[in-house]
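Just below sit the structures, each encoded as structure tokens.
The following pair of complexes shares a single chain, chain A, combined with chain B in the former and chain C in the latter.
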Partner chain A sequence: MRPQTISRTIVRLGAQSIFGRWRGALLFVLPVVLIGLSILVRGLIGHEEMGARHALDGLGLTVIVPLVALLATSGLLAPEIDDGSISYLLAKPISRHTIVASKLVVAAGCVLAFAAVPVLIAALILRPSYALGFALGALLGGLAYCSLFAFLSVLTRHAVVVGLIYLLVWEGLLGGLLDGVRWLSVTRWSAAVVQEIADISLVDDLPLWYAVPALAVVVVGGAWVTGRRLRGFNLTGDE
Partner chain B sequence: MEIRIDHVSRWYRNVVAINDVTMTIGPGVTGLLGPNGAGKSTLIAMMSGFLAPSTGTVTLDGEPLWRNEQVYRKVGLVPEREALFDYLTGRQFVLANAELHGLPDPGAAAQRAIALIEMTDAQDREIATYSKGMRQRIKMASALVHDPGVLLLDEPFNGMDPRQRIHLMELLRTMGADGRTVLFSSHILEEVEQVARQIEVVVAGRHAASGDFGAIRRLMTDRPNRFVLRTGNDRLMASALLADPSVRGARLRSEGGIELEASDFGRFSEVLPRLAREHGVRLHEVTPTDESLESVFSYLVAP
Partner chain C sequence: MPAVSSQPEESGLPAGVIHDLGYRPYGGPRLGEGPVAWAFFLTGLRNTYGLGRSARSKALPMILLGLMLLPALILVGVLVQAKNLLDLDEQIVAYSTYPLTTQLLISVFVAAQAPALISRDLRFRTITLYLARPMRRAVYVLVRLASLTVATFVLIAAPLLLMYLGGLLADLPPGRETGRFLGAVVGAILLAACLAGLAALVAAFTVRRGLAVAAVIVVLLVSYTVVTTIQGIAVGSGHEVVGEVAGLFSPYTLINGLQVFLFDSPDATPTPPDGTAMGLLYVVATALTILGAIGGLLLRYRRVES
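And now, the complex of A and B:
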């Protein structure tokens, strides 16, 4: 059998598992909130820049994108690790990196469908000149978050909680208070991508040559350490 | 194929789960017998590459099992835990397993495995609707789908009704007779001795005994049995019993009753009511004090 990097079976199972659980419904709610709010803002204040900025950056990039990534990724790995059913994937002659990459393909699909495309639609509603920039920023940021949360899922049983705390405390609270956090913030990196394409200033002094490689390192590095960690997965019974 | 466990210990922080175990599991059916918490699941996890030994080595035909995903071409694992992909039907689940193994014709392999465990009728139902026994069987099908030379089953008879139990026993016997290496764990001796040619007993993380079921039976039955008797006349009854060779010792307890050690259980069970009748002593209570499996096992490991 030729070595493969993506297993279609795992992608199929992953997609089924996400939409087979209640988390799947939440994935539909988040974009509706974003687009609904955008329509409201558009109706109330028109194409004004501040409104678009708050909706797309403040809600889209900072809240919707990481939450979609968290829901998609943690729904893919954490429950299977928790209940032990991951052993049916692991007891196969498949590289652990293939398993992780295949799961991340599903998560990436979710980010595209439930974060990047809704952000694109919201931007088209609010300020069409922002659309491309924000959509690309949302996609890249979302991918980086997926890798990050995948690693959290194999690191701790409480991946969702730890992920939320990370988002609230690091990306939210500290990111707002301390300027230096931008160097280590996925959301700020994706904002740096946005402002390069769209005519908007979201984050000061964060060059693109830093932001893009940083995103790439998190995407690839996160996936790789997740696979590595899965290789040494301990499955023990109830003893 | 042969799984070799060589001087393996495994501890979790400072709790020792497996203590210097050495055993070889060869072709045929082997039963891994031990009380709950003895370390059976830990051993099976190590034999299936899902746990690294703290010291020692676990190998399959000389190949390490830990961090070696290629061994799963030859190994089928039926885990103890119930969780499955509930949102799939039985057939979809077994088919997915066949595809993940990279089999040339996954559909046919899945059908063969499902037929083998007699789940053809229920294969198109969602796993969420399955009973415990059906889940156990569909797990079995997923482990057999690639026709492995080694089959490891953790407590496979749990939750099965008698008919399913007999069918699985039959299946394991056939697989063993085919020359496959089959190992299953159980905490019930009767279960193990009906299927397994070879029995490995694990107690408190140690390899307590090894042999065919006859040898294990003898170890368990040729030993003093302890009882507490409450009778109408303890002193008279104790002296009468002591006169019989099947009784090794008797002691009058200060709180009433006799503490008694019998060396030949068969004879003792016949002698006791007869002596009671002859001496006109009423027997109120005969309680074995060490009949539980745990005490049987603890006797086995006593030095």
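And now, the complex of A and C:
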């Protein structure tokens, strides 16, 4: 039998584990906040560039997209590792790369539904000429974040905390202070994609020929390294 | 009740015992609810800073405390060294502005420690053991909340104290500095209560590992980002009232606005509350946040089976 790259059963189970209980509620809250803010800003100042920049870049691209990716990804692998049921999955004759790829398909679906589409809607409300650029930037950035956080969740049992600290300190705090961070920052790579399409200036001096391959490398490389790590996986106890 | 518990031993006839293995029972004084609650409060407070826990649990809170103190130390250093050079006669960053500047660190601390105090008891069902002691449910909730609030208060107020002492050493007018410092301490208490209440409420509803941390961060970070976005746009487009109302929806801007209204502190947000009516709204919103969080927690724990 030819090895398949995506297992539909794992995709179905993954979707169930994301929308079980409270995680799903959090995922729904974030897009609602973004769209609500867009409607408010539109009511206040109309189609002006400043409002669109604040809402779409400041909230959408740098806060909502990474958080949706983090919530979605941490709901896929971490709980199974946590309660040990991942061993049943790993015991099946399925390639570890297939497992990771199937899980990431679910995460990608979440990013599309809860980050990219809401950003598209928000952009249509605020400034339709930005819509395509921001939606594409959000999608690519979200995919890269999913791969990154998937790797984190097989690397450490505190993936959510580590991921949050990475987001807040590296992407947020240091990214705002030090310009050089743009070469190693997923948010800024996706911003480079946005400004190429949407005629808005978000990051200085970050060429597209660097940003797009960098995003691709993180997406593919993160997924591959995660699968590789799962091949030699051993369950460890808590603290 | 020492008299009751020591009775079987005195009479020599064990009453209501299924198996008497001959062990000597505890016949000393049994402390009541008060001392139990106090010991529980102290343990919780120590645990938030990792004291009495593993070295790995100490790392995050201690690093955060260090990072909170670092800017204050630098500010004091600049104030003491360059007071005459730069012609300074007050703190470089106002006491009331400091928590807003370092809100990221405070949020991470609250988000990391609220689940450690609240969610673990629910997840591992240790709460049944606590509730089996002479401590009522409501007391358990309030004590947990008190531990978290005091821990957060220590994190917020420690750099303020450092700045205050540095300011006194640098010969700033003591009367004025003391007044401002005390106002900021009141603000720090209220901010700690708001943050701890919200974080505990979220943590009590999200028992899953790691998810509570994310949920608290989402609530604090997203609300703050949204509020600052709205305020920035509101002040740029001349809709100040919208910005003032928006300030009610993040604990940081709420408490900063409250301090501007009550103590006339310098404002750190683009749209501080203007006028008595808006100021009173900030007061009411603060009270509602704290009381609402306590009420929500009590309701949540009524459904927990012991």
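Please note the rule applied: the second predicted complex is superposed on the first by the 234 of 239 C-alpha atoms of A that agree within 3 Å, B and C clash if a C-alpha of one lies under 4 Å from a C-alpha of the other, contacts with A are read in each partner's own complex, and residues count from 1 in each chain.
One rule holds in what follows: a contact is a pair of C-beta atoms (placed from the backbone, for glycine too) under 8 Å apart; a residue touches a chain by one contact, two chains touch by 3 or more.
For clarity, every value in this text was computed on a predicted model and none was experimentally measured.
S.K.: In the superposed arrangement, does A:168 touch chain B (first), chain C (second), both or neither?
M.R.: In the superposition, A:168 touches chain C alone.
S.K.: Which partner chains sit in contact with A:231 here, chain B, chain C, both or neither? Use first/second/both/neither.
M.R.: Only chain B; A:231 stays clear of chain C.
S.K.: Given the touch rule stated above, what does A:58 touch, chain B (first), chain C (second), both, or neither?
M.R.: In the superposition, A:58 contacts chain C only.
S.K.: So in the superposed three-chain picture, is A:10 touching just chain B, just chain C, both, or none of them (first/second/both/neither)?
M.R.: First partner only.
S.K.: With the two structures laid over each other on chain A, which partner does A:90 touch: chain B (first), chain C (second), both, or neither?
M.R.: Only chain B; A:90 stays clear of chain C.
S.K.: Which partner does A:47 contact after superposing on A: first (chain B), second (chain C), both, neither?
M.R.: A:47 sits against neither chain B nor chain C.
S.K.: Shared contact residues on chain A for chain B and chain C?
M.R.: Chain A residues touching both partners: 21, 239.
S.K.: Which of the residues in chain A come into contact with chain C in the complex?
M.R.: Checking each residue of chain A against chain C gives 21-23, 26, 29-30, 33, 37, 40-41, 44-45, 48, 50-51, 54-55, 58-59, 63-64, 67, 70-71, 74-75, 78-79, 82, 158-161, 164-165, 168-169, 172-173, 239.
S.K.: Which residues of chain A touch chain B in the complex?
M.R.: 1, 7-10, 12-13, 16-17, 20-21, 83-85, 87-96, 231-239
S.K.: Can you check the complex and tell me which residues of chain B touch chain A?
M.R.: Residues in contact with chain A: 17, 36-37, 39-42, 44-45, 48-52, 67, 69-73, 75-77, 79-81, 83-88, 96-97, 99-102, 142-143, 154.
S.K.: If you look only at chain C, which of its residues touch chain A in the complex?
M.R.: 54, 56-57, 60, 104, 108, 111-112, 205-206, 208-211, 213-215, 217-218, 221-222, 225-226, 229-230, 232-234, 236-237, 239, 242
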